[in-house]
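Look at the two complexes coming up: chain A is in both, with chain B in one and chain C in the other.
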Partner chain A sequence: MLSIKNLHAQVDDTDILKGVDLEIKPGEIHAIMGPNGSGKSTLANVLAGRDDYTVTAGEILFEGQNLADMAPEERACAGLFLAFQYPVEIPGVNNIYLLKAALNAIRKSRGEDALDAVEFMKLVRERMKLVKLNEDLLNRSVNEGFSGGEKKRNEIFQMAVLEPKLAILDETDSGLDIDALKIVAEGVNAMRSPERSMILVTHYQRLLDYIKPDHVHVLADGKIIKSGDEQLAKELEERGYEWVKQEAAAA
Partner chain B sequence: MATQSHDVEALIKKRYEHGFHTDIETDTVPPGLDEDVICLISNKKHEPDWLLQWRLEAFRAWQKMKTPTWQHIKHAPIDYQAISYYSAPKSKDDAPQSLDEVDPKLLETYEKLGIPLHEQKMLAGVAVDAVFDSVSVATTFKEKLHEAGVIFCSFSEAVQNHPDLVKQYLGSVVPQGDNFFAALNSAVFTDGSFVYIPKGVKCPMELSTYFRINAMNTGQFERTLIVADEGSQVSYLEGCTAPQRDENQLHAAVVELVALDDANIKYSTVQNWYPGDENGVGGIYNFVTKRGDARGNNSRISWTQVETGSAITWKYPSCILRGDNSVGEFYSVAVTSNWQQADTGTKMIHLGKNTKSTIVSKGISAMHGDQAYRGLVRIAPTATNARNYTQCDSLLMGDQCGAHTFPYMEVRNNSAKVEHEATTSKIGEDQLFYCRSRGITEEDAVNMIVNGFCKDVFKELPMEFAVEAQKLLGVTLEGAVG
Partner chain C sequence: MNAVVNNPVEHFQSEYARLIGELDNDPLRDERKAALERFAATGLPTKKVEAWKYTDVQPIAKRHFNTTQAAPPIDVGQVDAVRFGDLDCHELVFVNGRFNAQLSRLGDTASGISIRSLAAALADSDSGIGARLGHCLGENTHAFTELNTAFLQDGAVIEVARGVQVDKPIVLLYLDTATDTPTACHPRTFVSLGENAAATLVESFAGLDDSSENLTNQVTEIDLADNARLDHYKIVQGGGKNFHIGSINARQARDSRLESHSLALGGNLTRTDINTRLEAEGATVILNGLYMVDGKQHVDHHTRVDHLVPHTNSVETYRGVLNGNSRAVFNGKVYVHRDAQKTDAQQSNANLLLSKTAEVDTKPELEIYADDVKCSHGATVGQLDEDALFYLRSRAIDESTAGSLLTYAFASEVVAQIKLAPIRERLEHIVLDKLPQTEQIGEFV
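What follows is the complex of A and B.
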């Protein structure tokens, strides 16, 4: 599904990603952990196609297509979704209006008819339940005045409506209270399917108790320096990152 | 990848949608302005002598005046002697009684503009008084309005059929010598609209006028007068668009509103005249004086404007809150893209007790567009318990455009409460990326964000206009992200 080879990327002429390799197969869940500032969000943004992030070497293939050639909206239409670490507020733009425009743009790109208001609302009501989204949030401006947790929940709600093939969840667990974390995790689990892959960027092993990853990677200083399974996450929780870095430096 | 400035340019170069030119023989007076030309205009329109004298007074005042220079606008000097001051479709002597008699080319023009002139195409409940160059050619829904006692006609007709009303109110809000452009208009105005809503009448439909500038080098000087008698209500829509041309054109309109006791006037404008090309060549120079006199107690005047066109916009729809408890409102969206310049805002003059005013101004600048908000809130000593709220937001797209704010406040009564909020923001890369990462194209994303920014103003527009305004904003700003 996703194949990243030797990916180098810059932000403002600073090298942030320094050779990332990652293979993700359909249905797999990969957790990416790593110290602050190691490049996790950068990787997520590069995948989603943010303008000011320049790929300087390497390639990203998503279902065989070269992502570098595609605009962010084309990537979204191809089935990529990024749940942002810091979802942005858009004053005056109705939350579900944006979502409807998004869904219909994606449907159009697939040659499907736009959903009318009734069909769309039916889908919305159904998917809202997955993350127990507060109904009031539907008609508020996008993320404006949402609490931190509400923003994160809204991201997962959007994912549930847009049904991407590959979802990148950038620290969706940060800022969620214990109950909310559980609810959101359940929502994510409900979205799991053999065709849908996910990348979970997280600092906490707790999320991985709820959403079982197939692989866990450590990203440090722009590179994946260690990969493993669930056990690795537990080990990181106990021992921190220093030992992994030393191990990598020694190798 | 993605938003490079040449994409932006390609998009904005998309030709002006309404840029075409209709070939109609016009009855045009040669360029130049003197008392003879004014006599000729007045004569052609069979005006009473008092009106001719009124025009001449204005002309004499104008001759002593200088073009204002305080505005934040640059343009080459205007040669007032190079302008032709009168132009009318040829068939004006036997003015059409129904649409069948209207020059089909004209109708075609309106159709291209999407003006719903044919009755079957009319938006339900909207009467259209279309102005082609300087003379009104078609008026619809007269009947229904007539039943309600509402007078809605061209200004020339009003002069003929309702001279007393015209004489009583003309210049009572914007006097002849008010400012350079108003004086010029008073001297040479050719036509416009007149509305009178009788006592206690709620106008049964929204009144709408489309202005259109057509013949080459013809300045257009519209005059609009709306009088809402005691306890009456009216909503008036003004929309404008013009064909493409290379030479700059002057437009200097005057709009006067009078609201008597308990009367309510809502005046909405969508202005999308030709803004000039991407090199700043051509485009309309729009110098407008719009003022409402909330003369009666408990009266209300509300201006809503969406200004996306013209090379230059100089416009300050204002309210004189003379009656006690009177209310004035100004909701504005102004867009300047390419090389457009706008200096716009409002004046709220509080004279009566418990008067209230609200100002919401949203300015959007893109490319080399430059604009200024200029607002005056004056609380006179007589205006006990006056209230004003001003919110003034600017949105910049790219780093070559400009936004400036000049709020003036004169508070001469201690009981006044005046609030002012202002923000300037750049269209967020983050916001754009967020929308795009959800599958929405850059163009649609810009559109959505800008429309969101303007929401507080758009919600004040009548339904039909709100839709048009949103589309217009999209066309104006297509790709203008930098």
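What follows is the complex of A and C.
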């Protein structure tokens, strides 16, 4: 589904990613862990197509398409979804209208008819339950006045409605208390399917207690320096990141 | 052959002589003459005058507007296109400043409500209107107001007796249509609400032809008695080459409330001055404004609120969207006079620049001579929020639509303040039509 080869990327002329290789197959969940400043969020933003992130070498193939050639909206239509670390507040833009426009843009790009208001609301009500989202939030401006937890749940709710092929969850666990974390994790787990892949970008192992990854990667200084299964995450939780870095330096 | 007149003062003087020759029994004879003399003493403002520093009226000065040329006939379809849908209202239609009874839909008015054209009021020797005009003009008028006084021939007089609530909005539709040579009109609106009276007044200036280079130099006077309440909407739209200079001048008595919405959405050069005097305790003024300009359009709002006595309030919110090589000016003056304690004055002006070549000059001006007051102001100039744009695009909204959507959201915060649904909806459409991807963002609103 996603094939990243020797990816180098810059932000403001500073090299952040320095040769990332990653293969993700349909249905797999990959956790990307690493210390602060290792390039985790940069990877998430590069995949989603943020303007000020420049790919300087390497390639990203998403279902055979070269992502670097695609605008963010084209990537979204192709089935990619980024759950933001810091969801943006957009005063004056209605949350639910945005979601409807997003869904219908994606459907249109697939040659499907737009959902009418009734069908759409049926889908919305069903998916809201997954993350126990308060209905009041639907008709508010996007993320405006939402609590931190509500913003993160709104991201997962959007994911549940848009049904992406590949979802990138950028530090979705940060700032959540344990109850909110469980709710978000349940929502994510409900969206697991053999066709849908996910990338969980996280600093802590905590999220992985609730969402079991198939693969865990350690990103440090712009490269993946170690990969393993969920056991690796537990080891990182106990021992920190330093030993992995030393091991990589020795090798 | 007529002598060629280059000086704008001489031009207006000669137009004046021609006009006076056509007027019989003019109740404003002395006022006109005095106003023209005051105008001649200063001439049109130059950029050296602080209040006109950023607005160059040379394009007006060098055109020799004809004052008396009649407007060509226009058809009802053109009027319908700029009407507010099916808004049930008392409507007076003016074409190039002159009242047009055929196009108007005044309807019946209840007792205590008088709505008529200024020309009719001036012709009626019992009306006493001649003595009342100018009542709301303070000391802060400019040369164009003097011209208006010297040349005014038509407009509207609206009088509401104490305790009367006008059942329907009153709409003054000022249409501008192209003439052989550019013409100038100087309409005056005089509104007087008695104690506890209430009304909604819409003054809509619509340019019907993009080719028109006419000047509309309009003045509105608003006199609010104790506890009177007026919702006032001024809308300038259409007309790519015409000029609009206007002022709204209000006097407010105890506990009166003026809500003013000024929407500048068209024209080549549009300048609106709003001056309101809060003359007794409890008087409140709300000033909302939105300007959207593109190409080489120029829009200027100068507002001045005089807090003359204790316990008066003003809240001002203006927003602007600029594209192309357009330019906008906002100058918001709040003058808190000595002893006007407990004044509460808030002001904000936010501007969205959509192009690198657009320019805005925004200036809050607070003069405060009392010590126990609450005054705040804020002015911002910015571009579209990159984070919000990326967020929308990551949700499959294309770049152009995302930009339009954010622009619309910014502008609509002012439009949303409009209580009358047919006017709000019409303005939403006008705003939408100015943006690319109108159809797509229509889904959001």
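The working rule: the second predicted complex is superposed on the first by the 251 of 251 C-alpha atoms of A that agree within 3 Å, B and C clash if a C-alpha of one lies under 4 Å from a C-alpha of the other, contacts with A are read in each partner's own complex, and residues count from 1 in each chain.
Keep in mind that, in the parts below, a contact is a pair of C-beta atoms (placed from the backbone, for glycine too) under 8 Å apart; a residue touches a chain by one contact, two chains touch by 3 or more.
Fair warning: this is a prediction, and the values are worked out from it, not measured in the lab.
Upon superposition of the two complexes on chain A, a steric clash is found between chain B and chain C.
In the superposition on chain A, A:205 contacts neither chain B nor chain C.
By the touch criterion defined above, A:50 reaches both chain B and chain C. When both complexes are overlaid on chain A, the residue A:100 reaches chain C alone and has no touch with chain B. Of the two partner chains, chain B and chain C are each touched by A:77. By the touch criterion stated above, A:42 is placed in contact with neither chain B nor chain C.
In the superposition on chain A, A:87 makes contact with both chain B and chain C.
Touching of chain A by both chain B and chain C, each in its own complex, is seen for residues 48-52, 71-73, 75-77, 81-82, 84, 87-88, 90-93, 97-99, 101-103, 105-106, 109, 141-142, 158, 162. Residue ranges on chain C touching chain A, taken from their complex, read 385-388, 390-399, 402, 405-406, 408-410, 412-413, 440, 443-445. Of all residues in chain B, those touching chain A in their complex are 1-3, 428-431, 433-442, 444, 448-449, 451-456.
Interface of chain A with chain B (complex): residues 48-52, 68-69, 71-73, 75-77, 81-82, 84, 87-88, 90-93, 97-99, 101-103, 105-106, 109, 141-142, 158, 162.
By the touch criterion given at the top, residues 48-52, 71-73, 75-77, 81-82, 84, 87-88, 90-94, 97-106, 109, 141-142, 158, 162 of chain A touch chain C in their complex.
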